[in-house]
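Here's the structure we're looking at; comments come further down.
Chain naming follows the written order as A, B, C, D, E and F, and within any one chain the residues start at number 1.
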Amino acid sequence: MRPSGRNPDQLRPITLEIGVSKWAEGSCLARFGDTHVLCTASIDEGVPGWLRNSGKGWVTAEYGMLPRSTDTRTDREASRGKQSGRTLEIQRLIGRSLRAVTDLRGFGERQIRVDCDVVQADGGTRTASITGAYVALYQAFDHMRRLGAISRVPLSEPVAAVSCGLYRGTALLDLDYAEDREAEADANFVMTASGGIVEIQATAETDPFSRAQLDGLMALAADGIAELVRKQREALGVSG
Amino acid sequence: MRPSGRNPDQLRPITLEIGVSKWAEGSCLARFGDTHVLCTASIDEGVPGWLRNSGKGWVTAEYGMLPRSTDTRTDREASRGKQSGRTLEIQRLIGRSLRAVTDLRGFGERQIRVDCDVVQADGGTRTASITGAYVALYQAFDHMRRLGAISRVPLSEPVAAVSCGLYRGTALLDLDYAEDREAEADANFVMTASGGIVEIQATAETDPFSRAQLDGLMALAADGIAELVRKQREALGVSG
Amino acid sequence: MRPSGRNPDQLRPITLEIGVSKWAEGSCLARFGDTHVLCTASIDEGVPGWLRNSGKGWVTAEYGMLPRSTDTRTDREASRGKQSGRTLEIQRLIGRSLRAVTDLRGFGERQIRVDCDVVQADGGTRTASITGAYVALYQAFDHMRRLGAISRVPLSEPVAAVSCGLYRGTALLDLDYAEDREAEADANFVMTASGGIVEIQATAETDPFSRAQLDGLMALAADGIAELVRKQREALGVSG
Amino acid sequence: MRPSGRNPDQLRPITLEIGVSKWAEGSCLARFGDTHVLCTASIDEGVPGWLRNSGKGWVTAEYGMLPRSTDTRTDREASRGKQSGRTLEIQRLIGRSLRAVTDLRGFGERQIRVDCDVVQADGGTRTASITGAYVALYQAFDHMRRLGAISRVPLSEPVAAVSCGLYRGTALLDLDYAEDREAEADANFVMTASGGIVEIQATAETDPFSRAQLDGLMALAADGIAELVRKQREALGVSG
Amino acid sequence: MRPSGRNPDQLRPITLEIGVSKWAEGSCLARFGDTHVLCTASIDEGVPGWLRNSGKGWVTAEYGMLPRSTDTRTDREASRGKQSGRTLEIQRLIGRSLRAVTDLRGFGERQIRVDCDVVQADGGTRTASITGAYVALYQAFDHMRRLGAISRVPLSEPVAAVSCGLYRGTALLDLDYAEDREAEADANFVMTASGGIVEIQATAETDPFSRAQLDGLMALAADGIAELVRKQREALGVSG
Amino acid sequence: MRPSGRNPDQLRPITLEIGVSKWAEGSCLARFGDTHVLCTASIDEGVPGWLRNSGKGWVTAEYGMLPRSTDTRTDREASRGKQSGRTLEIQRLIGRSLRAVTDLRGFGERQIRVDCDVVQADGGTRTASITGAYVALYQAFDHMRRLGAISRVPLSEPVAAVSCGLYRGTALLDLDYAEDREAEADANFVMTASGGIVEIQATAETDPFSRAQLDGLMALAADGIAELVRKQREALGVSG
């Protein structure tokens, strides 16, 4: 029995609520149980210098946690004057994941900035961020399409993410904080609707794990991601 | 007629929702129309070095805006590596306002950190922050009281804040962003339930204003704050 | 009896000495008793990017304290690697105050940078800074006028500032450090020669104060500022 | 045919040279072809505050690249004033990898700091770093053992790392920079002598990759790591 | 003829004015012609951690320039967020120079911080700083002596500094800014009353210079420093 | 007898190894005994803004120490977020020394960046850096000459550097760390092949030193530099 009482292959209750920002071109409040991440996508005219006159756009992401999104308060990064290694690592991962399904030549020399801000954290904030960020990004592109700036949404297929872990030897899907804290291994999977792998980060927390254990985690992840993609499509009201 | 269509002395729809954080000892989502500020209060055992062995506690505040809480995206302060002068100014104001009604000798050598994070901005974020911060602070103290750490909530009376401004020569209460952008003068009032003045910051945006105009702003503010205090008491379910 | 022995409505000895810098286009050493602030105004050709091709100039201010301008030594901000919230707040206030009386269209796309450096501090450094900064700014504009770059000084009227406070219930004008440290409330008033209000910052240090008390402070301030404006005109040798 | 002319499953020439520092308790110059990383291990008496009185030690790592270790010069991080996200990500990975095989209770309240400085870069700097860092760490522990501070080297088994990638659809072992730049996917594997997985980071550079492709990369990695462990044991002159 | 019209071996008018700070334990406004440096010495109880329980005190220095002390305005270091290499180099030099004549065992575990702030710059700010800093330091020690904290001023002899340079092949003493800008070589000499050399920094600005030229500069410096030491003793009213 | 057993006028074994970097246009590993500095020279097209359209190029230098290049580990400057005053001072010295023999009009609007990274430190790192940096710079220019970008190497003559010091009253050449730590005075000399003085930095570590002692140090330095220039010419295979 896992601490949360869920079945090993059971996601937490997932909701992806769109249109939650008065200002952003795309927005999604992603809730994975008690983990709540507010994702917004903002369109900038123009690209970073190294892409100028390339005919390509760019998608980038930033990640942050509100100081008391966590169990005990975490220092505010703006106040400490720098982002932690963990923050930088996560926002680089979100950006790569989104770019993996984006046709950078499909929306002109523009930059989409996706902000993922963790309003409440209970494990799996990076996977909730990626899952919600895709939805916000889709909406921002759709906003451009409706304005006539582009003729189609330049996204090849949905991308989503989920964590899995080994807990007392058993593979569990979508760990919450209490489960994650005790897991022997922790893995994050980013995959597309069609089952393509975008990124795997698997880490032994206590002892090294085996190839067979990795296979078990990956099988859980594939099913979880299929479910998350259904939620994304439902939220966006699209089948594609 | 003001841009928002409200009467000059009419607040925006105000809601103060408590218990919005799974982790924080006190929390309040303050909504002043489309301005939404998430306020949390966190209790730290121990005080800053300069208060050690003084028998006194401390209350401090931090303020931040999500990057896309604003009309156009604002750079993330954590990423720029420093907080702006505006941010520092606002968080100092929130802290002073809360300490003005707190008995620092009434809760031991502890520090309460109040975080005010603007999830969506539409003018008046600092006044919504102060108003919500009081509610979160009250709850954190009440949490300590229920645990038996203190015998009473060490707050003398509620404190709330509202902005007023001169718009085409008329004094208006609780400006939204569209009104604020065009105002000739902008003033923020922090006052207590009993009408005591805690802080006034009044600034001419275009031309200097007169003593009579200031009096007009202050009269609006006093009424607005009385209404906000009623909302605070209602949210907390207390009469005191 | 106030600690300094002055009457409640009595300023400290004020001197505004001009021409104190070999290099600056405008300069003023403002002395409010033992508070000494060196104000210089420097003309830059060109404006910040957001004003380019607007036909407008800009006036900005920076503020600093020498490390041992204070009773006990204060850490050097350059060495700590950042300016404090207090410093940023004060320099923003000085800049706004100067811009309130400046015709930004009246001197081309140039930027005037006013530096207010506190050589010795004994209370009221921000009000001495504003009062001296106006004089330095006037001189810099007059320097441009004499060179034929502009035909008139683009300042509508003098602006000056003074602090007032409640000390044992009595309203006092122009507090020195010893008085300020014990004051129940502290207010800074920035006003023009014609009595227009540019900025009010009033703060309760111990208990909230009343509307009547604020009125008392403001009455003192109005008289004090009239006297400071006389000193400014005398220093500049102008009646306007 | 891969750009380097090697077989798909062929490592670059690997040398692990020990004793290269006059001062460090352990040191190893790891050469993976033209990638040269200087690894040193330094023993500190004492641990970070959060481990004090825990009876446990700590192992941590830092990573850096000399500015002209790369094809075109990279800005010096010390001069830019911060470490990049990539740097922080890599040094966190090195530290986790070493701790996965270290008995933190086996060497008292001491901290071993491992520095991995890239003297010349030609792809695979993080995997060369981990492989060399293990050797330097072993030596530092052995140094303590010879001094009698500990009775045995508190390392459970060797840990090493290698990169693999998909290049024109083929899985290749130990990519150099020219190969990495063109790879469709890039994966780093950290594994122990006994085949346990410590960390996997697999990233699609262009298109998502399949489960079968991941399996191919992992098979190459397992063989490569077995070879690297032989080199480590040889360098250290130990069989264990 | 040198630009300033002075003889090659002639100092600028020098004044060392003491007692210029209301707060500092020692202070001196050093004027070398139009170069004006305000030097203050502040006594801290306690020493940096590495000197604790050593029975020794410490003397350190900080240096800064007001933004418009220079011909054209220099960015404020506090605002840029770091001190320049030049600033750090100068303050290290001042500190070393003072420590060279201070008996660090002669005033208990205290730290004297000397601040040298350039109010107006016209060449030779580092040499004016050292010369004035000695005077401020002496006074701070004398202040401690008068309070009975120490029985004698722990300074072995005066230390002063002067710059010399090669201008059109001629050695000149105490260059002002106009001369320095055109000098072929620039040298700073720090020497004691008895003629001991504390520090020499000699730099070729255009072409390398010869040993004979260095000798010429040094001869000028020795005479200049003797004169500066007379001024120091006169300012302090002491013969020692 | 000096600690190292060398004669007072004896350099440590010196080697200047060229071509040590796969990527840099010029490189030299300078070994002064156990002090090893890796010097690389990198060519940038373009110059800093203040030189644009001047027809001049620029040469600049950066300096760093690997954390465990020293006896006990030194904090990594990239991790601390700033370069120390000592680092800035040294890299400014290296840059000035190289520019003193470079014809800045002789290689177009390009910038050469020389990086001096101390791989192992045993005293005299700045003098080894300058000596090696000249060799790397020469090679970078020669690389441009061979590519036809310039017709001759724009260096007037070799420049090298050596340290001398007073140790128990005796002048010693090229101090190692053990000697330097105990020296009464420490001097660094930068001179050209023809004996011109580029820079002298002489510092009393304990007591002030005399003119005669300085002369003794300088005589040793002149001979040492002549020997270093021979090594430079040998390494470069040139007589000029």
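The rule is simple: a residue touches a chain if its C-beta (ideal position, glycine included) is under 8 Å from a C-beta of that chain, and two chains touch if they have at least 3 such contacts.
Chain identities (UniProt): A, B, C, D, E, F = Ribonuclease PH.
If you're wondering where the values come from, they're calculated on a predicted model, not measured in any experiment.
Student: Any chance you could name the chains that touch subunit B and subunit C both?
Tutor: Common contact partners of subunit B and subunit C, which must touch each of the two, are absent.
Student: Can you give me the shortest step count from subunit A to subunit F, moving only between touching chains?
Tutor: 2
Student: What's the chain with its C-alpha centre farthest out from subunit C?
Tutor: Chain D.
Student: Select the chain at the greatest separation from subunit A, using centres from the mean of Cα atoms.
Tutor: E
Student: How many angstrom between the C-alpha centroids of subunit E and subunit C?
Tutor: 33
Student: Need the CA-centroid distance for the pair subunit E / subunit F, whole Å please.
Tutor: Spacing between the chain centres: roughly 28 Å.
Student: If you average the CA atoms of subunit A and of subunit C, how far apart do the two points sit, in angstrom?
Tutor: 50
Student: Counting in whole Å, what is the centre-to-centre distance of subunit A and subunit E, each centre being its mean C-alpha position?
Tutor: Each chain reduced to its C-alpha mean, subunit A and subunit E end up 59 Å apart.
Student: Which residue numbers or ranges of subunit F touch two or more of the other chains?
Tutor: 81-82
Student: Chain contact topology under the given definition, line, ring, star, complete or other?
Tutor: ring
Student: Could you walk the ring starting from subunit D, turning first toward subunit F, and list the chains encountered?
Tutor: With subunit D as the starting chain and subunit F following, the sequence is D, F, E, C, B, A.
Student: So in the complex, which bits of subunit F are touching subunit E?
Tutor: So the residues of subunit F touching subunit E come out as 82, 84-86, 88-89, 91-92, 96, 100, 187, 191-192, 194-204, 207-211, 213-214, 218.
Student: Show which residues of subunit A lie in contact with subunit B when the two form their complex.
Tutor: Going through subunit A, the ones touching subunit B are 21-24, 27, 34, 38, 40, 42, 44, 62, 64, 66-73, 76-79, 81-83, 87, 113, 115, 117, 119-120, 122.
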